[in-house]
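Okay, got some structures for you below.
Both complexes below contain chain A, partnered by chain B and then by chain C.
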Partner chain A sequence: MASTLRPYLTCIRNTLDAAMCLQNFPCQEVERHNKPEIELKSSPELLLNPVLICRNESEKCLIETSINSLRISLKVKQADELENILTKKFLRFLSMRAEAFQVLRRKPVQGYDISFLITNYHCEEMQKHKLIDFIVQFMEDIDKEISELKMSVNTRGRLVATEFLKQFI
Partner chain B sequence: MARAGSFVEADNAEAIITRIEHKSRKIESLLKQYKPVEALKTALEGTYAMTGDERCKSAHWIAVHRALMAIKDVDGMLSSLDPEYYDILMKYLYRGLATGDRPTCDQCLRIHEKLTEKAGLGCILRFLTDTVNTV
Partner chain C sequence: MACIERASPALNQILLKLYSAEKPVEIDHHLYEFGSAEYHILCQACEPRVAYLSISTPPLCPGNLTSNKLSSYTIEMIKRLCPGVVEIAEARREGYQLTLRLNLTKIPRGNDYVKVIKEISTVHSVILSSQLKEILWNFNSDDAIKGMHKPIKLAYNPREPFFVIRQPPRIITVFPIRFAEKSDVIISTAFFQELVDVGSSDRYAKAPPCSWSAIPPPELIGEAFEDLSTNGGFVSFDISAHHVDGKRLDKTVWNLLNFNAYVRFHVKTTKGFIQRRMRKRLENLVEVLHHTESEHDNEQITRHYGCSCTKRLSVKSSKYNILKQRWGNLGRKLKRIHFRVKIRGFGRFRQRWLRLPKFSSSRGYTKLD
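After this line comes the complex of A and B, so read on.
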């Protein structure tokens, strides 16, 4: 498991490094509007090839770039029902607080667990390599968080059950 | 005129698929002789002359996939491969990564890391921007 994590994260980091070439681009259709072109997908000449990087059957990362914005969608490994529920709740918790994260998207793209939307404004305010570090660090930490949550749920369940069943001994 | 064009393309597609089958046989024989690097070179060359419809692209991908999975020594393979093949190899690597099949993805991730070190980020960027010659 850990043996493919390093190359997977390196591949994503390199691809993001190459793909994060964003510049300001006012909307072509509407005057005085400035929209992230990757969300609209109205003009094919502004879009680059989307990249899908899979680590295995259950984990993948979709990177779509356009001239002024970049969308990264992640699907996190979910081994069983409990992890499924925990992941959904945890990532929904984060997505609801997307304002605080700035680069997070409020709703994940269809088929994925969480999405990031990075625009040229983010690249102007923040450093590109730090943004990429953030995304990669997020991917590393999410797995640890989910396992910790799962362990704490199991521990709590066991304690509660023990206490409850003591009265019947 | 459009119909004549589509007939020509259909013939072309058949010719391309026949050529790809010849290449596959050559690749198989090279792999039997334990020459995975030559097999990969054979698989990669002439890709652009053979742009066709989805069938040709899939046939080509199968041949390249066979050669890629047989590679054990990635560094040796990259040092003996001509730089002109780096871009095409990168395109096939990304196609492999999109499949989601575990052994393919493992192999592709390994080669991708080394290829990026050798060819640089420009190789990835050329793949991202090339919407015409897709594999």
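After this line comes the complex of A and C, so read on.
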């Protein structure tokens, strides 16, 4: 499984590198408004083709680009029910605190676990390659954190079970 | 196990307060505790060193109508609790099963008094343990139907009954597990799998073998549907003669009575642990992003300011928000100060002076070389 991780992340990095060419574009529908076109999807000429990168059936990444914004949606692997609830809890926890991350979306796109929304303003404020590094690092950290959480929960359960059974001896 | 103690903490505290009071204290308290236990403590000024403790507890076996009165074995066990200090009153208080007369003068001075009072506070656990012991000992052969002994339903906590099935030479206890939330069910299931795994190891061969199943075990065939409908499965312990031998009987009985509470406590603490860990991880992830931003700021950049009062900030960090909030609080406090001397124009000056200037990225830009 580890052998497919590197090519998966490299593919995502290269796609983001190509897709993150954003520029300021005022809204065509409403005067003096400036909205991320990827969220509105009102003008098809401003949208690029979405790219779906799948590592396997349970892990995928959807990159949707428009002229002034980019949306990245991630589906994280969940091997069993415990990983499922831990992933849901953790990603919901992060999404609720999206203002701390600036580029994180409060609600993930349907069918995915977490979503990022990057606008031209973010690209002006931050360096593009650093932003891409952050996204890729975030993906690795999430996987690592879910695995560690699962292991910690099982270790705690084992310790508690040991203490309970010790009382009978 | 710190979370589920035999001694009632509220009763312990009240008795300690009574004992260490310098002046005569009048007390008339009603207490309600986990397991539907009810206490009444009465101490009158005319008899300052004597307290009357009344206890009422629902029967452990709900189907047994005669169990409202305490059995002679239970009374005997209660009498063994601090014999000099505790006496069973002849007339019990109305609405209670038992009234004890506590002679506080007979409690030894020195550090032992804490131990004695704690022992008195375990009266509820003594009643329950003795009731369960009697149920396990007084096996009625009429209960055997076609070689299968009828399960006895016990309810320490009314919403969490469990079953005891006597199959000589062992006793099987079955705990139906129910949780309100799905995440609790999953955490508890992971715990039960670890419990079964640890129990089957060589190191804990002397502990009662335990098993978990999602469906009701065959021993519970014929029981009521509401008792068998669960979302957390069934946990079974096989208690053999070794586990109820001598001093171990007390421990085994108390552990079985509190198994449900133990599991719930573990699930609650695990959820707290997950929350703490997520918070810590969030700080680490945000720190990475801010570290990325600070690397950008460290580069040599020529700044062009669109307006003298605005300055471009690349990151609206949480530190900025905290600083803004503190400034706002200070400003509000200063505004509330009532100045006796009125100076013309000072109000407007104070308003401008106390306002934090806004920094907007749309007005300024940064020229990169």
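Just so we're on the same page, the second predicted complex is superposed on the first by the 169 of 169 C-alpha atoms of A that agree within 3 Å, B and C clash if a C-alpha of one lies under 4 Å from a C-alpha of the other, contacts with A are read in each partner's own complex, and residues count from 1 in each chain.
Keep this in mind: a contact is a pair of C-beta atoms (placed from the backbone, for glycine too) under 8 Å apart; a residue touches a chain by one contact, two chains touch by 3 or more.
Keep in mind it's a predicted model, so treat the numbers as computed, not measured.
So if we stack both complexes on chain A, do chain B and chain C clash, or do they fit?
After superposition on chain A, which the two structures share, chain B sits beside chain C with no clash.
In the overlay, answer first, second, both or neither for which of chain B and chain C A:Arg158 touches.
Touch status of A:Arg158: second partner only.
Who does A:Pro26 touch here: chain B (first), chain C (second), both, or neither?
So A:Pro26 meets neither chain B nor chain C here.
Once the structures are superposed on A, label A:Leu48 by its partner contacts, choosing first (chain B), second (chain C), both or neither.
first
Identify which of chain B and chain C touches the larger number of residues of chain A.
Per-residue touch count on chain A favours C.
Angle chain B-chain A-chain C between C-alpha centres, in steps of 10 degrees?
Taking chain A as the apex, chain B and chain C sit 140 degrees apart.
Quick check on the superposed model: minimum Cα to Cα separation from chain B to chain C, whole Å please.
Once the two complexes are overlaid, chain B and chain C approach no closer than 24 Å between C-alpha atoms.
Within their complex, state which residues of chain A touch chain B.
Checking each residue of chain A against chain B gives 4, 7-8, 10-11, 14-15, 17-19, 21, 44, 48-49, 51-57, 60, 65.
If we count contacts the way the header does, which residues on chain A are in touch with chain C in the complex?
Touching chain C: residues 81-82, 84-86, 89-90, 93-94, 97, 100-102, 121, 124-127, 130-131, 133-134, 137-138, 141, 145, 149, 152-154, 156-158, 160-169 of chain A.
Of all residues in chain C, which touch chain A in the complex?
1, 182-183, 186-187, 189-191, 193-195, 197-199, 204, 206-208, 243, 248, 251-252, 255, 262, 266, 270, 273-275, 277-278, 281-282, 284-286, 288-289, 292-293, 295-296, 314-316, 318, 361
What does chain B use to touch chain A in their complex?
94, 97-102, 105-106, 109-110, 112-113, 116, 121-122, 124-125, 127-131, 134
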